[in-house]
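In the two complexes that follow, chain A is the common piece, with chain B as its partner first and chain C second.
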Partner chain A sequence: MEWMLQYFEIFFALCLLIVGYGFGRLAEKRHYKSIFKREKKYQELLVFSLKTPPEGLTVTDSRLVTGSVVVSIDYFKKFVAGLRMLVGGRLRSYETLVDRGRREAVLRMKEQALLLHADSVINVKVETSSISKGRRNSIGSIEVCAYGTALKHA
Partner chain B sequence: MEKKKPDLSNPEIPEGINASDEHPLKEFFWLLIGITVFAALVIGALSLSAGWLAQKIPFEYETQLADHFPDVESGDSSNEARIAERLQGIADRLSVEQNLPEGMHITVHYSDSDVVNAFATLGGNIVIFRGLIEALPSEDALAMVIAHEIAHIKHRHPIRALGRGVTIGISFAAIFGMSGSSAGDRVLGEIGLLTALSFSRTQERAADETALRALVNVYGHGNGAIELFDTFSELEQTRFSEPEVLRTHPQSLDRLAALNDQAEKKGWRMNGESLPMPQVLLEHK
Partner chain C sequence: MLLSNLEVVPHKKIVRHLGLVQGSTVRAKHAGRDIMAGLKNLVGGELKGYTELLQDAREEATGRMVEQANAIGANAVLNIRYATSSVASGASELFAYGTAVELED
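Presenting the complex of A and B:
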């Protein structure tokens, strides 16, 4: 019994790793599936980073649209990132997270624009901010916010 | 004049540029194995050199590190004080035979506890538990234990263990404290603790050898060692969990065999009549 108590912390951390990996992986797979599906669906709604409407386009209405998403990393990703920080290099476990956040934010912005029956969104900007800024051992969450000007074409 | 409508579109962008498709476990295992091997090498080298350096620390500084031991007043007539005094007497005779370096002296403490254990620690302090005295058959066997602990101190094993332990602790804190991963902190910190404070098997063997020489010189024969390891091997078999003193020690019968070899080479007598356990040591209450 005594050895079980001794190794309890290791055992506990291992459990968290497995849970983090399992759920994180599942959530990521599902999320990407949904992202691919909706990106195809909203393909018709055009988005541009241009500041002004493309030349020759007659605009009848314009409105600010935003899409924002908050995502958190799982325990496994955090552990891998901790190891990665010792040696440096590409932080793959965070890359998928930020990629998903960014695409989800753009999709939500598009959904808002579609509700307004817009034809395109211009001046699209994407911003990220860390919610758990600077604090060690807190949840590693980021907010990704995408915004732009939705236009109604003539 | 009618404006021409511009031809605009959002073509599909290929996948796998911003985020890679690589399996996350691959990265995990490579990092874990690589960092573990590297850290083990570095910490191993550091702790070896710390152990080597630690034995260069003058004994008087070591004594200052360990001055938290309460001094038993010489005028004290309680049973515990008398037991400690008797144990000190045995230790003094054995110390003389071990040619301790100048300035090093041994202080024996007695602890009223059922634990079958004895240990040597910083500053030349040895602690003997009541449980051990009650488990041993003779004064010779007890003398072998005390001689063994004195030998640890003579070889500076406690301060080396401390040097190793501190180095390992600091290394773990340095590497994993700044990694920002609480899991890494916890898992590896725990392992660091488990490996830190114990004597190695080589150190135990060295202490055995030195102890036997002193035992033979004082008592005329090495029967105490035979009795001691016989008692321990019986305890190993009969008890569900082995006594604490054995946990880091090589198997008792192997140790006895090594000592018999040594005695044969040096021409020491191993068989003889052991002295009975002094009555004063058994009169705790």
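Presenting the complex of A and C:
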């Protein structure tokens, strides 16, 4: 009986890995597709990290805009990252996580700016924080917040 | 109330500086959401419940900051910064601060 239980545990973990791999990949692909699509769509709205508006512009209105998102890594990727940490080096599975989070947050900020009919967004700050830090069995989920000042030009 | 994370307002003049204003809130997520997020963690992707929660919290922090600015007679808050920190497992603190100023009309 004991050995069966042990096998069951291994089987269960494997199932989680497979589910994580399958759905995680699918979700990531879909997310990237939507990111690319929206990035193209909002291309005209210029975003700067400069503190002052480009010279020669007459600004008529300014407003704070923010965008934030919480994304998490899937079970499979977390497992792979765990293995990777034994030897060190690049954690590619986490790289896509933060990349997705940042781009999504900036896109949401742009969406908000477009709702205000803004022409550009300046002084953009992007901030990342881990929300499940210090917890045992913590899953890698991060919160990304992007904020800036939306400007209307004359 | 004009909110901006610039140091100056491009189309208006600052008449008076009124000093630092701040607002913060600590939020924990409730168990139901936590369980759902736990399930979602299996497959990865956006955790909508948390996104909403943090957005609400951020709005509240901003609101408190604005309240403070209103109380001292400002009509704009400039150079706004946001900070997030986790104070305990499962709870996070959202913090917003900026400089309250009075702008000319």
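Everything below uses one rule, namely that the second predicted complex is superposed on the first by the 150 of 154 C-alpha atoms of A that agree within 3 Å, B and C clash if a C-alpha of one lies under 4 Å from a C-alpha of the other, contacts with A are read in each partner's own complex, and residues count from 1 in each chain.
In this section, contacts are C-beta pairs under 8 Å (C-beta built on N, C-alpha and C of every residue); 3 or more make two chains touch, one makes a residue touch a chain.
What you see is a predicted model, and the numbers here were worked out from it, not measured in a lab.
Is A:55 touching the first partner chain B, the second partner chain C, both, or neither of them?
It touches chain B, and chain C stays clear.
Mind working out whether A:75 is in touch with chain B, chain C, both or neither, as first, second, both or neither?
Both: A:75 reaches chain B and chain C.
Quick check on the superposed pair: does A:16 touch chain B, chain C, both, or neither? Answer first, second, both or neither.
Both partners, chain B and chain C.
Which holds for A:123: it touches chain B only (first), chain C only (second), both, or neither?
Only chain C is touched by A:123; chain B is not.
What is the shared patch of chain A, the residues that chain B and chain C both contact?
Correct list for chain A: 16, 57-58, 75, 77.
Tell me, which parts of chain A touch chain C in their complex?
On the chain A side, the touching residues are 16, 19-20, 23-24, 27-28, 31, 51-53, 57-64, 66, 68-75, 77, 97, 104, 122-123, 125, 127, 129-135, 139, 141, 143, 145, 147-149, 151.
Along chain B, where are the residues that touch chain A in the complex?
Those in contact with chain A are residues 3-6, 8-10, 12, 18-20, 22, 24-25, 27-28, 31-32, 34-35, 175, 179-184, 186-187, 190-191, 194.
Would you pull the chain A residues touching chain B in the complex into a rising list?
Within the complex, chain A touches chain B at residues 6-7, 9-10, 13-14, 16-17, 21, 25, 43, 46-48, 54-58, 75-87, 90, 92-93, 95-96, 98-100, 120, 136-137.
Name, in rising order, each residue of chain C that touches chain A in their complex.
Residues in contact with chain A: 2-11, 37-38, 40-47, 50-51, 54-55, 58, 80-86, 89-90, 92.
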